[in-house]
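The structures considered in this document are given below.
Both complexes shown next keep chain A, but they swap its partner, so chain B is in the first and chain C is in the second.
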Partner chain A sequence: MEGEEALMRAAAADAWAGEIPAVFVLATNEVTTLEPPVPFHLCLARQSYLPFTTAEVVDHFKPFAPPMGGGEPWYEHDGQPLRWHVPLGVLFDLHAGLEAEAELPWRLTVHFQGFPATTLLSTANAAAEGWVLNALKESCFLRCGSALPAMSLSIAEQKKLTHALTTNDFREYCAVAERISAAMAKSLGASGLPHSVPVRVFTSPVEWRQQPAAPRLPSGGSTRLYDVLVSLLPSVFESSSSAAPRVIVQGVSVPLETPLLWLHGACSHPDGFLYVYVSCSPPSTAPQIA
Partner chain B sequence: MAPPVIRDDDKVVVQFNHTGSAPILKQNKYKFPASTRFLTIASQLRAQLGLPQEEALFLYCKQSFAPPLDARLGDIALCFHVDGVLILNYCQTPAWG
Partner chain C sequence: MAHLSPVAFAQLGRAFAQRSAAHAVSWGWVEGESTGPFSTPSVGYLRSSPVLVEEATPHEASHEVPTDGGDDDTLVGGASGARLELHIVYGATFGVPLLLVQGYSSAGELWTVSEVRSHLMAASKEGGAPIAADSVSQIEHPALGVPFASLHPCRTAEWMGAILQRESGDAPQQLDYLSAWWSVLAQSVGQRVAPADARAWMLSA
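Take a look at the complex of A and B:
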């Protein structure tokens, strides 16, 4: 058991160390200078979110964009606006998909105009912080039946969490996460088992599901990733005819037998949710945007 | 063994409770298809309240967090219902920040 615990911590540290090399260009119709700006290269932390990590990108391109544009910056990959409220690593897995290796560096287009307000939430920085805390409260509720562990974070601790996300600082994040787990452990009592494991399952960049997933099966065994997926997506996981779907967590294909609680401990995102991407179509038939 | 999945065409009962100075609904229980997104729930509530688009409206679950606007109602109901009813608090200023 102890070995597993150590392995889980090591995996969590690895997940935090994960970065995506990306190159940003300004949308050609928004370049107002004779010479277009040089592309901006940046390593994006998998555990963070676009608004926390792209301040430099905005500073770099702003002088070249229409001066009166002044709108909120937004990002697009292959014609699809990126939904900033999804963690970056998940976004990358969803958009670059199975050909992730071939996609590097991840090519993103920066826009300052025409914010797609119907598909994206407003990205003011406070909104991004609020978003993470809000999701953290939801995941706390799923785990221990109360959002108090997240709600009782002090302003200083909330700032610490934001700072950890901005600088990709795992140790700083752990300090806050430990505060939350200590508060949670109090309400969970001796067994320490959460009521349910917060999981969100994506099947496309805009389609996702979640459901309460108990850490133990009624038979007493540990719930496996498979058990959650088969109950959420029976048509994908019960039929034998369709091609085996690929199940990706933190950019890695994960065996379906993996115990859910362990996977959550190792690979969950800072908002307390475990994000799973189920890719149903093989790479050759993946829809291409012409 | 596995928790029941609410199918797309199942109906979910939502109870809207007003909070703070938000206007009170005459009827506060509604049924929506499980596949409805929260964005739709929010705009339907807005219509019921006669609230113009520029006025803020916040929806909270469990008096603690706001469900994501692209979340599926059936999923949130399965996670957070009480006796089959999903209780949502609505207000015009952020209540549980």
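Take a look at the complex of A and C:
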């Protein structure tokens, strides 16, 4: 058990170290200067969100772009607006696929005008900070039946969380996460077993379900990733005729037998949710899933 | 604590829509739809008839959260023509109904979340149950996938539990969760449910 715990902690640190090389360009119809600006290269932290990591990008392109006029910057990949409230690593997996097969650096277009308000949530008024905190409250509620562990974070701790997401600082994040875990442990009692494991399953950039799952099966065994997916997507996981789906967590194809609770501890995002992408139409070179 | 299952929410939602036909704000029930390969459709939701309101002022068009005391002058008494669209959706995490709000100007332009927030703060203050600025934020509509302003549901199960417990002596089996919930939340969007109506609604399930 201790070995598994250590492995889980190491995997969590690895997940935090994950970055995506990206290159930003200004939308050609928004270039107001004779010469277009040079592209901006940046490594994006998988665990973070666009609004926390793109201040430099905005500063770089601002002198070349038209005035925003009270609007806000937004980003697209291959013509699709990027929904910033999805963690960056998940966004990349959904839009670009497995890192080993994707075209890198990830090419993103920056817009300063025409914010698609009917598609994207606004980032104004520190909405991203609020979004993460609200998601954290939800995941706390699903795990221990109360949102209080997240709601009782002090302003300083909330700022620390924001800073950790901005600088991709795992240690700083751990300090906040441990405070939340300690508060949850009080409500969970001696077993420490959560009521449910908060999971969000995507099948495309816009199709997803939230599926909290009990950590143990009625038979007493550990709930596996497969158990969650087969209940949500029986046509995909029970059918022998359809092509084997790829199940991606943190950019990696994951064995379906992986215990869900362990996977959550190792690979969940800072909002407390485990994000799983099920790609139902794998390319012909799809690796075999165990 | 009082929670609803998705099935109970859908049953109550359909009945709620039927009973609302004669009311100033009537509601329609929109069935959930299957999306992608998921086995179960999304949970359906309630959609209101348009609620006519005053236009948002230019001040509101900025992206600033109004400060305390600054919400008295956020609405002007000009010609109405702006409208609110209210949706009641199922909040899957907390297992409670969730009020979503979208505003449109008379020209059909979408209100910003700040404009919706300002409107709700003013309307709820007038209704005698003022809400705080930070209780309104944007979320993704669970069925439509588009942005809507939302009133935070964190403590809904708690206060609904208190209401249901208080009423349980009267009609333990008959109290309608959704109607009881709406009789409280209506004030936040400037709607009033007369006490007699509320009672009749709540007990008519």
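Just so it is clear, the second predicted complex is superposed on the first by the 274 of 290 C-alpha atoms of A that agree within 3 Å, B and C clash if a C-alpha of one lies under 4 Å from a C-alpha of the other, contacts with A are read in each partner's own complex, and residues count from 1 in each chain.
The criterion applied here is as follows: a residue touches a chain if its C-beta (ideal position, glycine included) is under 8 Å from a C-beta of that chain, and two chains touch if they have at least 3 such contacts.
Bear in mind that the values here come from a model prediction, so they are computed numbers and not experimental data.
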Fit-or-clash call for chain B and chain C when the two complexes are aligned on chain A: clash
Partner chain(s) touched by A:204 [first = chain B, second = chain C, both, neither]: second
Touching partner for A:253 - first (chain B), second (chain C), both, neither: neither
Touched partner set for A:85, first chain B, second chain C, both or neither: both
Chain B versus chain C as contact partner of A:121, first or second or both or neither: both
Touched partner set for A:151, first chain B, second chain C, both or neither: both
Chain B versus chain C as contact partner of A:29, first or second or both or neither: neither
Chain B versus chain C as contact partner of A:137, first or second or both or neither: both
Chain B versus chain C as contact partner of A:227, first or second or both or neither: first
Chain B and chain C footprints on chain A, overlapping residues: 85, 121, 130, 134, 137-138, 141-142, 147, 151, 206, 209-210, 231-232, 234
Touching residues on chain A, where the partner in the complex is chain B: 85, 121, 130, 134-135, 137-138, 141-142, 146-147, 151, 196, 206, 208-214, 217-219, 227, 230-232, 234
Chain C residues touching chain A - in the complex, by the definition given at the top: 35-40, 61-65, 92-94, 110, 112-114, 134, 137-140, 145-147, 152, 154
Contacting residues of chain B [partner chain A, same complex]: 1-3, 5, 61-62, 64-72, 75-76, 78-80, 96-97
Touch list for chain A against partner chain C, complex: 70, 72, 83, 85, 117-122, 124-125, 127, 130-131, 134, 137-138, 141-142, 147, 151, 203-204, 206-207, 209-210, 231-236, 280
